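Just below sit the structures, each encoded as structure tokens.
You will see chain A twice below: alongside chain B first, and alongside chain C after that.
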Partner chain A sequence: MNILLQTQELKKYFPVVRGFLFSQTRGWIKAVDGVDFTLYEGQTFGLVGESGCGKTTVVKLVLLLEKPTSGSIFFRGRDINRIKRDMLKQYRTSVQAVFQDPYSSLSPRMRVESIIAEPLKASKLLPEKQRRERVEAVLREVRLDHDALRRYPHEFSGGQRQRIALARALSTRPSLLVLDEPVSALDVSVGAEVMNLLKDLQEELGLTYLLVAHNLATIRHMSHHIGVMYLGKLVEMAPCEEFYSHPLHPYSQGLLHAASRGGAVTEGLMLTGEVPSPLNPPAGCHFHTRCFAMKRVCSEIEPLLKEVTGGHLVACHLC
Partner chain B sequence: MVEKLLIVEDLKTYFFTRMGVAKAVDGVSLCLEKGESLGLIGESGCGKSVTCLSILRLVPQPAGRIVGGRILLEGEDLLQKSEREMRKIRGKKVAMIPQDPMTSLDPVFSVGSQLSEPIKIHQKLRGRELWNKAIELLRLVRIPIPEERLRSFPHQLSGGMRQRVAGAIALSCQPRLIIADEATTSLDVSIQTQYLAMLKEVQQQFEIGLIFVTHDFGIVQSMCDRVAVMYAGKIVEEAPLSQIFDAPHHPYTMALMKTVPKVEEKVERLASIGGQPPLLYDLPPGCSFFPRCQVGEKECQLSPPRVMVEDEHWVSCWRCS
Partner chain C sequence: MKYKGLKEAVRHSGLSLRRLGQFLIRRKGRPGYIVIPIVILGLFVFVGAFGPLLAPHSATETNLSIRYQPPAWDADGSWKYPLGTDHLGRDILSRILVGARVSLTFALLAVGLAGIIGTLLGLIAGYYGSWIDAIIMRLVDGVMSLPLILVAMAIVVVFGPSFVNLLIVLGCLMWAFYARLVRGDTLSIKEKDFVALAKIAGCSSPRIIAHHIFPSLVHSLVVLATLQIGLVILMESALSFLGVGIPPPTPAWGVMVADGRSVLDIAWWVSLFPGLAIGAVVLAANLFGDWLRDKLDPRLRQV
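Presenting the complex of A and B:
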């Protein structure tokens, strides 16, 4: 398997500022605090976690919408925060994104044709004459009718809109798609269609996906590898099936337990309390305040991500 | 026989729009016993929320109107009540937990004043008594340090806490019926589980009837005794919890269940229903699901009969008759 993208000790801290004129930095929110993951070509890496765990910041860093505080992102072996401008342009065309809400990610004043052609226009990837051809091609790929081109986003349903957003992302022929909660705003049956389409496209076009979601079932359906984030850190990372059959981190176990309802609630596994404030995360293991298996060492020493079995990494003193 | 808490008979709520008459709720019948919880499930636009709003008589006027049917709450017909009388019922006998606690709580009033409003109006409590009651309610929904929280404003609370406050407001006058419209959709999974466990306990403790509107089968499974599946303004299947999961009968219910990815197992391809839900102002004749149905036949162009396939398990489909 070829590595497409790799992050190394990726960190993003946001300053917390008080005051206006003589402002002072009071502290840092460690939104992403040393995250290492690898995307293999043609595969999907699923990132899960509750709100505020830093998933979206990771997405922003990969899309170059934020500059990392430290650490690097390697795309095909090159550090994308250090490459020259023309290379950067190439990176931007080969990494595209699909966002959560297709009602706000498409401009209501543009026709579908201009929406899909916009990345091409901005990147000057194709001469104007060939743009139309490309737009028609990607429209076919997302299984939309040709007459959609002349219409406006409001004429489409949620699922169709998400397809338009996907067509726009595909128009530059990217190799990596960043999917930030692509189906959570859609109805279940529509979401299923979009997920099937994403899987088909991955096979047809050999795309790599970085999938961010909070729904563990969606992640399981789509991903090859999974990373679980908690307060800016990866706490567990494993191949998909391995993760779902043997979740090791107490947080992962709690999340899975919460997601697979139906059965009775097991007291011990239920996650209690809320995610602590990222401004002042607990010492030691960030999760120890909510952990059912907490030992003394957990509140003192921060556990490191270490390999337990083949490809299964976990950051927990007890595993 | 147990006394029925709520009986909805042939409820019809239509919206009169420029495009035509949208039959958002078209002949819905439901009943709910004391302390029972009913899950109302379906895709967006199928009429779940309008059904709930109709029970509270809060259908947006003037476009929307309840054009037919009866809604009996403990034997009293809510549709015959005047607006004045309704105001005495809302919040007291029927309460609602709205979907999004970000928008349902007023940002400029403290939690305490919002929580005490219904108690002031319905139970006429004042001063110390009112304050203690509010604290008691926050304790009921498991909010730590309730004394302090009463002085907080909604933006100072997390999403889960805010939804608990909304729950406390709904519970404030010990209603007979609570309508929870997608009450946990905006919460994280772990918070969701905690919230549902709390709600279920309180519901059983006070024997409150609960209508739980959702599109998540998992939530229905952990919360409800009975499930009604809605499609295009009609209830297509209604059954006790165990039966609907083990033996769904309506093709729509079956299709809907297959589209949900599961945490427990990996399927290569998710089933999809195909097509679009019909436009509510231009419904196909006969069974509304017929255009998307994979097993439909000729007779489906006529209105399907409501058949009892098993004890308390109703299906509106020609195939089951």
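Presenting the complex of A and C:
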């Protein structure tokens, strides 16, 4: 398997500034604190975690909407924060994104045709005539009718809009699609349709996905590898089926337990309490304040991500 | 019999005073009074375009033998000069009709100039943020704190009164309103996903501003510009009245009001009619602007 994108010790800290005239940095929010993961070509990496755990910041870093505080992102072996302008342009065309809210991701005063063609226009990738053909081609790929081109976004439903957003993302023939909660704003049935479409497209076009979601079922349906984030750190990483059959980290077990709901609620596995503030995370293992299996060592020493079985990594003293 | 037929016809056509009243006050829950300002503004624009063709007399030619003719309905008046004449024997009606063009072009140009400067600076401040934003917004605060009329007077006194000077002065003082509005809107629009996605698509900043942010601002701008038209006409009239506006013999409404100031007790019509014209147009522009705001952008109520 070829590696498409890899992050190394990726960190993003946001300063907390207080004061008006003589502002001072009072601390740092460690939104992403040393995250390493690898995207293999043609596969999906699913990133799960509760809200506020840093998933979206990872997405912003990969999309170059934010600069990392430290660490690197390698795309086909090149550090994307240290490449030249023309290479950067190439990166822009080979990485595209679909966001959560289809109502805010389409420019309200542009026709669907211009919306889909915009990445092509901005990157001057194709001459006018081929551009038009490409737009029609991607429209067919997302199963939308040809007459959608002349209409405006507000004339479409949420699912249709999400497919327009997808068509736009596909127009430059990217190799990596970043999907930030692509179906969580949609009805269940519409969401399932979009997910299946995404899976089909992955097969047809050999796309690589970085999928971010809080819904475990979505992640399971789509992903080949899974990473679980908690307060800016990856706490567990494993191939999909391995993760769902043998979750190791107590947090992952709690998440899966909360999602299953079907059987009796096992008292110990319930996730209780609030996520601690990322401004002042607990010492040792960040999760120890909510962990059912907490030992003394957990509040003192921070566990590192280590490989337990083939390809299954976990950051926990107890595993 | 004849009248009965007419009454019958009116009834069948659905026209009645009562209906007209209902129409003007309330129509499908919304005030229908808006017809009046629209008619006044329409008339204003029409007269502004064709005024000189409609005027029965020259607006600038003087004839001292007919000075201070009263309006037509006065015992001494004649229909030759329906609204009377001023201290130089010029026809008031003709001067109002010709003066409409001065007010209209001035208002459009001043609002346009202020709008262009303000929108550009507001977009830049809102989009780029940081120190650029700080500089532009402090400039806005500075301009906003100036007493408009006083500064306009001072500048015009230095550079001499002329149409162009007055235009530049008002344009350079009133852009701040637009900059503040546009910056605020830009700040909220730039956080929308479609702007992030445009960046991801590789769009340049000018392209994002022009294609994604500006189109969402247009209706706030239209509302503000409409409200500002009334204000600009008022300012221009005030400055002309004070003698630092549009210089004579151009028939500006403000100058005309000033002309009759000293003779209000014997020739009230010289000041009254141009004053009414100013009042009607400014009121109509404000009412129309308010209505437009409620329709397009109720959020703007504080402007």
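Please note the rule applied: the second predicted complex is superposed on the first by the 319 of 319 C-alpha atoms of A that agree within 3 Å, B and C clash if a C-alpha of one lies under 4 Å from a C-alpha of the other, contacts with A are read in each partner's own complex, and residues count from 1 in each chain.
One rule holds for everything that comes next: a residue touches a chain if its C-beta (ideal position, glycine included) is under 8 Å from a C-beta of that chain, and two chains touch if they have at least 3 such contacts.
It should be emphasised that the depicted structure is a prediction, and the values quoted were computed from it without experimental measurement.
Aligning the two structures on chain A places chain B and chain C side by side, free of any clash.
By the document's definition of touching, neither partner reaches A:46: not chain B, not chain C.
Put simply, more of the residues of chain A are touched by B, taking chain B and chain C as the two choices. When the two complexes are overlaid on their common chain A, residue A:54 makes contact with neither chain B nor chain C. Shared-chain residue A:247: touches no atom of chain B or chain C. Looking at the shared chain after the overlay, A:157 reaches chain B, while chain C stays out of its contact range. Contacts of A:122 after superposition: chain C is touched, whereas chain B is not reached.
After overlaying the two complexes on the shared chain, residue contacts for A:232 are found with neither chain B nor chain C.
Superposition on chain A leaves chain B and chain C with their closest Cα atoms 11 Å from each other. For the contact definition in use here, the chain B contact set and the chain C contact set of chain A share no residue.
Within the complex formed with chain B, the chain A residues making contact are 50-51, 157-158, 187-193, 195-196, 199, 214-218, 220-221, 240-241, 244, 254-262, 265, 270-272, 274-275. The part of chain C that touches chain A in the complex is made up of residues 192-194, 196-204, 207, 211-212, 215-216.
Put simply, chain B touches chain A in their complex at residues 43-44, 158-161, 188-194, 197, 215, 218-219, 221-222, 255-256, 259-264, 266-267, 269-273, 276.
Those residues of chain A lying in contact with chain C across their complex are 63-65, 89, 92-93, 95-97, 99-101, 104-110, 118-119, 122-123, 165, 168, 172.
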